[in-house]
Amino acid sequence: MSADDIEPGDAIHRGHPVIVDRYTKGARINHWITAASLVLLALSGLALFHPKLFFLTGLFGGGQTTRMIHPWIGVVLFFSFFGLFLRFWKANLWKREDGTWLARIRDVLTGHEERLPELGKYNAGQKFVFWSMSALILVLITSGVVIWDQYFYEFTTIEQKRVAVLVHAIAAVLAISVWIIHVYAAIWVRGTIRAMTRGSVTGGWAWRHHRKWLRELAAKLPNGRSKTTHAK
Amino acid sequence: MFPPIPNPTTKPQRPTFGAQDLIRRSASTITPPAQRQTEVAKLIDVSKCIGCKACQAACLEWNDLTEEVGVNVGVYDNPHDLTANTLTLMRFTEWVNPETDNLEWLIRKDGCMHCEDPGCLKACPAPGAIVQYSNGIVDFDHDKCIGCGYCVKGCPFNIPRISEVTHKAAKCTLCSDRVAVGQGPACAKACPTQAIVFGSKDEMKTHAEGRIADLKSRGYANAGLYDPPGVGGTHVMYVLHHADKPEIYAGLPNNPRISPIVEAWKGVTKYAGLAVIGFAAAFGFVHHLIAGPNRVSDADENAAERLADGRRWRS
Amino acid sequence: MNMDLSRRQFLGTAGAGLAGGALGAFGFGEIEAAFADSIRPFKLVNTTETRNTCPYCSVACGVIMYSKGDLKKGEPAEIIHIEGDVDHPTNRGTLCPKGAALLDFVKAETRLRYPMVRRPGSDKFERISWEQALDRIARLMKDDRDANFIAANADGVTVNRWTTTGFLAASATTNETAFATYKVVRSAGMVVFDNQARV
Amino acid sequence: MTNSWTDIRNTDLVVIMGGNAAEAHPCGFKWVTEAKANRGAKLIVVDPRYTRSAAVSDVYAPIRQGADIAFLLGVIRYCIENDKVQWDYVKAFTNAAYIVKDGFAFEDGLFTGYDEKKRDYDKSTWDYVIGADGYAVVDNSLENPRCVWNLLKEHVSVYTPEMVERVCGTPKAKFLKIAEMIAECSSPTKTMTSMYALGWTQHSKGSQNIRAMAMLQLILGNIGVRGGGMNALRGHSNIQGLTDVGLMSNLIPGYMNLPTEKEVDFDAYMKTRGFKPLRPGQTSYWQNYKKFFVSFLKSMYGAAATPANHFAYDWLPKLDVPFYDVLRAFELMHQGKMTGYFCQGFNPLQSFPNRKKISDSLSKLKFLVVMDPLDTETARFWEKHGDINDVDPAKIATEVYQLPSTCFAEDDGSLTNSGRWLQWHWAGGTAPAEAKRDTWILAQLHLRLKQLYREEGGAFADPILNLEWPYADPGDPTAEEIAKEINGKALGVVKDPADPTKVLVEAGKLVPSFAALRDDGSTACGCWIYSGCFNENGNNMARRDTTDPDNTGAYLKWAFAWPVNRRILYNRASADINGKAWDPSRKLIEWDGAKWSGYDVPDIAPTAKPNEVGPFIMNPEGVSRLFVRGMMRDGPFPAHYEPFESPVINPVSPRMQSNPVARIFQDDLRQFAKAGSTEFPFAATSYRLTEHFHYWTKHVRVNAVLQPEFFVEISEELAALRKIKLGGWVRVWSKRGSVRAKAVVTKRIRPLICDGKAVHIVGIPLHWGFTGVAKEGFGPNALTPFVGDANIETPEYKAFLVNIEPIDWPEA
């Protein structure tokens, strides 16, 4: 059985409850930088996207600074997300069970996970978030550069800029929507958020949602009794 | 001669139009005034133009603009393009008329056309940074401009330029400050041959008819007025000796209109976009109401512990 | 000039303005407030007008110079704008690219401000006072005139000419300057005397 | 201009040849566009380049520079051949009927009486046959083969359309089209106006270019009428004024002449100015010369000018050569024969031909004084500026004074425009730092000179010590004081000659006009033709009344026009022999049976009977001259000569290539390229651009922006021939110098086929130098030849030979 799912730093600790390390400190910092810049980008972007939201420029000290800062945040997002990508891409590769999972999406939404196959570190939904974000951010940075007139005006025609600005808007809308799903899932599935705050989840959480991953970790544990004895 | 533009007065005057006369305001919904002012227009008669650039000089001087001294690149067009300081520019084209085999030196004064349906205003995200007065003047408000360059993408004539110094958009204002006190634009006043005249739009159309008749009498069968309907007409119009092919005048767009891409971006996308986002959020909310939180049970925890202990397998 | 009334009203030639006095009472601030949208304040308000003639070509277009301060009242006057005079029969308010940029000529960085002297063999100009400059030039003139003045020719005819110092007259100075120049130059017997008529 | 800018609105046909009005005089050109828009007038442009004027023309024809006379005489021939002549005008108002002396002839490009050594003509045969009655003999039937008309017919017969094409390179069809349009204006109700400028004057036969068109205009009956005339578009704002006021080596204000050595005394001087009418009853206005001359001397020397000393006649310098013009001035300088030189608002280093010679000449001066509002190249001729001003300051011993003067905005006074309008202007700005008015500078110099002579004595001081200097503040004369001096005043009581009891002007009063001037010393007048500009009615130059009855464009109450506020010269000729307007719709003045009256000040005695007194009152004949007698050095008729540097051998008279009497200095002769030179194969011409004014506006930021850098213009064909790229650097060189420029490759210049060979044209605009805000650049005067027009020494800037090649040079 391959151990694709196990990422550096993943580990399991016997105890009550069992604690499973899911994200290293590095990964978490990386994630929150990405998260922060994404939020700032969404806010500044939306401000320039719809008149009703122009007031949001106030958060950034006015329209001029918003216009000036948005692309720079975009650059930060791009590189920081790139960091996440390098960390997570392998664990997000498609698996057979992901198909089954998707087929039984109703059970997913209604929380009947006993009817789902055992999953690795990420389920298909998470993989969808990962890959769509990767794609959208690529689109956003490219189209973003095209309309970053302050430095790149002369490299494209106005017609190309027009296409870019439309693509940028659409991609941004999708990215924000994906982000909402991502955040909601984290809230809905209790016990998830600590993975990105403390870096670990409970064994139960892993057992319930990512059992295959848990097994792989457990399999790596040294055989024989553990030091701690459990009450019978 | 066409009645020239009067001398400026030095007495303080109340402006003849202002904020109360706006019919369009970028990124804002406003209620236009009940009564629209007389529509003004600048008529540029290319057939009378001698390409002297007096309009460029007058524009720089009146608007206190300082342009860079460039270099010669083998043509008469200087500067080589519109800039944030050069709001109007003579564009020279040497065209050999295939019918007569005579050389024609086509000289067009380029600059803001003051569209009735301004693409720049439509594209602008900053409330009030671009306004349109009921007399037709489309003006930029530098205090409100955020320098995003959307107006550049919105304009069908490639006119606005963003200053690299102030990061604000700039274009011809039709000398709104002069017009507001009963004056005409500085370029129109200066134009030696009255190739540029200024007045009410109707007056300009009538004047143009006379000019077109004269041109036809001189053998320019296709002489005509350039007042493109694609942008609802413009408040800067051209008399062209070859109105059937405006593109020979340094690429004056034939039937210009706001790019459908810009229309889509500023239209459907704007609303659909928010809808999609809203839907995503709503979905989560509703789902949470119905499905409730997805919690880890003690059974799960125990299962995990057992797995960790690995005892089950050895019994 | 002959402008039809409707247009006059439309362009509000005279009249459209308020009585300066009445308005002066409020101060100009209010007017500026009225511009509170994108329209910038009219920059010629409360400036002094002076009629002049374009100094370039011989069309001699009428121009109006707008200044802060009034020379006639003995105040220092700074010209802030120049444009064509519509009352002038020839140019009717229009100007060519040179005339339209006269302000930049008046204010050119290379306008001369002080008398300068360049000594023989030197590679630079040095400042000098008017007194020193004029005294020296007068001396140079007299020494040359005394040395080379021709009172009579070979045949003894009185000719009273001075051919070793010449004067090249301007082309844009006033007729009055021209006549003063003529008197000064000719009275000295100078014949090497010409103007820009040919070039 | 015989007419005015505003009069051009009245024309039916505008011919712009030898000029580029749209580009050089845009606001005057406005009246051409008005004539086109309101009268359906047509515009013809004939020029080596397709200019901005051509851009709005109805017909454009190319012509090789320096071939204008062939073209114009070709048109005259066409009019005669096709009987397109305004006969009533020609017979009544020109010397067509006058009989010319038998000796006169024209052969092999030479008129009778040529002396090759002197490069001059004996003009004795160039005159009318004078009858026993002392009057010129005329044959109104025009049958006499020796009458001017028949001599003219013969003289122009060689200029066939084919010959015109050979000489000018103008396609025959285009020439005929234009000739036809011009010929239409022989109708009394159709007029043509000629607008020309330096494109005609800056040739070795410049004066004859203009004569040729003047003759054509007379044949068409277009002189003196509304919308007609010979309109010289003067260059600078007051060059008309400076010429009127006589700031030239040989002039006295009002086109009187400085004495020559031959005129040993007052009487000798006056004798050569007999001005006896050549036909009965003619005005011959110069008969009043003495009044103007004496009044001028009184204004110069006041009380010191007395009948006893012939009004100080001897205090005026007498000339040993015809002119001490600028070309001679620099020749003398070059020979080291000059000590000092003053440049007042003038930039000779840039303006005069053969820049190297100018620079060398200035270096030989002991002192140079430059008075200017701007920092000119001339003031810095000693300063090294790369290859543009390649000199070694250490080797130049000239002492240079640069005196800051005010500009128009800081000075009161009057300027005379091209239409002879004297317009007053007022100072509106404070002068920068220590800049001073020219009048102040000159007064200061004069007073110092006077002081030195008083204290030390010296060479003939009388004229300096006695110069009339009647100003309230002698150190700072005001413009108004001088204006009054120019207008003239009565020193004693001026009485009416007809009725001695009638006082015309009280002593001390300003004279109303030159009619009140006297030759007995009782009046003083600085410039008689300006008299009336500032009289007891006040400053007429400052008048601003724009009323213009029936929109004739006269504006009689606006400013003041010389002479006596007359707006159209020779306006008597706008009416036929009986005093009725040729064209009722263009009435100017008419004879009402008792006197002349109308929209303009009549150019004739108000009561002079129309069929007795001719309209050309300054001429002893009373008529205009198709045959100019001995009054021009190079012939009574124009003839085509090639420029001194020409790509072809003169097709008309191969044995006389160029103007036989044009003055050339020996050193310069060696610096001419041979005709049809292969070393210098291309025909160059220099000119101005609308974005700039001479060498001034390179100091003006806006204009520097509009046309930033020196360039030359060539055809696509020449660019291909020499592998020159659009906007690339080129070197252009003549036998005298070399310049570096950007290349503008254009369809507006095309090679011309002249006498069977392709002539490529190189256009060289002249606005750049090494001071100011525009990019540093060369001027064409590094290339131009040092030769002047035969009559008035205007340098031949418009036609010379060069070579051109692409070069590598770093971007500025």
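Side notes on the structure shown:
Chains here go by letter, A, B, C and D, matching the order in which they are written, and residues are numbered from 1 within each.
Definition applied: a residue touches a chain if its C-beta (ideal position, glycine included) is under 8 Å from a C-beta of that chain, and two chains touch if they have at least 3 such contacts.
Keep in mind that what you see is a predicted model, and the values were worked out from it rather than measured.
Fewest steps needed to get from chain A to chain D, stepping only to touching chains, is 2. Per-pair tallies of C-beta contacts place C-D first. Taking the mean of each chain's C-alpha atoms as its centre, the chain lying closest to the overall protein C-alpha centroid is C. Chain C has its Cα centroid 74 Å from the Cα centroid of chain A.
Inter-chain spacing, taken between the CA centroids of chain B and chain D, is 50 Å. In terms of their C-alpha centroids, the spacing between chain C and chain D amounts to 23 Å.
Averaged C-alpha coordinates put the centre of chain A at 41 Å from the centre of chain B.
Residues of chain C in contact with two or more other chains: 1, 48, 82, 87, 91-92, 94-101, 104. Counting partners per residue, chain A has no residue that reaches two or more other chains. Counting partners per residue, chain B has 1, 52-54, 56-57, 60-61, 192-194 as the residues that reach two or more other chains. Annotation, chain-chain contacts: A-B, B-C, B-D, C-D (touch as defined at the top). Across the interface of their complex, chain D is touched by residues 1, 47-54, 56-57, 60-61, 66-76, 78-79, 94, 96, 102-105, 107, 192-195, 210-211, 214, 217-218 of chain B. Chain D meets chain B in the complex at residues 22-23, 26-27, 29-30, 33-34, 36-38, 40, 50, 52-56, 58, 60, 690-691, 701-711, 725-728, 742-748, 773-775, 811-812. On the side of chain B, the complex with chain C involves touching residues 1, 3-16, 18-19, 22, 38, 52-54, 56-58, 60-62, 64, 128, 131, 139-142, 173, 176-178, 180-184, 186, 189-194, 199-200, 203. Those residues of chain C lying in contact with chain B across their complex are 1-4, 7-8, 10-14, 16-20, 23-24, 28, 31, 34-49, 64, 66, 81-87, 91-101, 103-104. Of all residues in chain B, those touching chain A in their complex are 27-28, 125-127, 144-150, 152-153, 158, 162, 164, 167, 259, 261-262, 264-265, 269-270, 272-274, 276-277, 279-281, 283-284, 287-288, 291-305, 307-311.
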